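Take a look at the following structure, please.
A, B, C and D label the chains in the order they appear, each numbered from 1.
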Amino acid sequence: MIKIVSSGFDPFQEVHAYQQQQQSLAGKYGATNLFIGTMRDLNEGDSVKGMTLEHYPGMTEKQLARVVAKAGKQWDFLDSLVVHRVGDVFPDDVLVLVAIWSVRRGAAFDASRFIMEALKSQVPFWKKEILVDDNSRWVEKNTDGY
Amino acid sequence: MIKIVSSGFDPFQEVHAYQQQQQSLAGKYGATNLFIGTMRDLNEGDSVKGMTLEHYPGMTEKQLARVVAKAGKQWDFLDSLVVHRVGDVFPDDVLVLVAIWSVRRGAAFDASRFIMEALKSQVPFWKKEILVDDNSRWVEKNTDGY
Amino acid sequence: MAIKVRYFASLKENLGRDKDSLDFEKSISVAEVWEQVMPEQAIPDNTLTAVNMEYVTLAHQVHDGDEVAFFPPVTGG
Amino acid sequence: MAIKVRYFASLKENLGRDKDSLDFEKSISVAEVWEQVMPEQAIPDNTLTAVNMEYVTLAHQVHDGDEVAFFPPVTGG
């Protein structure tokens, strides 16, 4: 499942609730990998007090679905959940959650990481940081995560 | 933190509670990776109805601490939590949780995976499966997760 | 033929608007769409281009009813 | 000199006991510990050996008060 949310969410509750709901998973998965991206209060040496996450509605969902489908062709997993926050966020807010359920651990690690990297380079979200002096700046580029 | 537990645990509650408690983490971590190992109801083609997890008390904790310390020398992370179940378990029970908090995502993925692989090859836990016909068998060897 | 053109993030801010409408007679490329809506400036380096929410190159031909988008490198996650 | 010897998992089940105590006069190796406690059978392939909860090789010398452990490949996680 793919969700774009405009208010705060608890990644652990999301995963727990989703897992409970997917009754066909019970007893079948041996591995779950979660990646959670959280807003820090410091970036590139500057204190950051808030951020706005812009996205391209429609294209975001379409590209996320493509990324998850690509992962599904490369690795054998049973289910996935991707949740991404948009709108105004503050330090310690969760920005993104990727969860993968699989039979064996390798696929869960690999698919989760692949989805995060692809999301960061291909899915139309943009971050604008608000610094403590109220100046704001666009984040120009995501770094490579490998 | 490293914990060996002899009764069921909810990995999401564990991580949430630990994270709340580590107040120095707030605003500082951008990445969290969780790996959760769960008991399946099928292994090597046979239906499994239960399992006993034996361990070597004392050595388990010592070797787990060493594994986490090794990961800490190779990757820069802020905190970690490892919880491993022992005793009698049933399908859908969580067996192991590894959680890593870091500034950047690469370290969280790498350290979490390293700890899982090292745990599975170096830390003295043993699994004995109880099949549906009540026969039991020791799991002989963990597979490589890469 | 009519198309919608959309801008996002820093590009939208720099241009001072988030969309344009464009009418044209023969099929044109995404690069030509930019030249029409933004004749006064070259397309910034690293600009990403999409048509109907799929990534395309600047050479991609645009058709009636298409939604063309220009935006800077993405920074989600 | 006195040491404790411990067995785990399938090895424990196959031997039918989980520990032994051993007294000896001069320093001996882990391999010799096995020979003393289990003279009737060779050490199974893949057996892991620890002294005082640290992995050691069969050549490791054992000292008074040590805890020596023999066990099969680990299968946790």
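Annotations
To be clear about the criterion, a residue touches a chain if its C-beta (ideal position, glycine included) is under 8 Å from a C-beta of that chain, and two chains touch if they have at least 3 such contacts.
All values derive from a computational prediction rather than experimental measurement.
Common neighbours of chain B and chain C under the contact definition above: A. Farthest chain from chain B, judged by C-alpha centroids: C.
Our note on geometry: chain C versus chain D, Cα centroid distance of 72 Å, whole angstroms. A straight line joining the Cα centres of chain B and chain D is 27 Å long.
If you average the CA atoms of chain A and of chain B, the two centres end up 23 Å from each other. Shown for chain B are the residues that touch two or more other chains, namely 37, 116.
In chain C, no residue touches at least two other chains.
Across the whole structure, chains are in contact as follows: A-B, A-C, B-D. Those residues of chain B lying in contact with chain A across their complex are 10, 12-13, 15-16, 26-42, 91-92, 103-106, 108-109, 112-113, 116, 143, 145-146.
By the touch rule above, chain B contacts chain D in their complex via residues 37, 53-56, 58-59, 62-63, 84, 95-96, 116, 119-128, 138-142.
On chain D, the positions that touch chain B within their shared complex are 6, 8-10, 13, 48, 50, 53-55, 69, 71-77.
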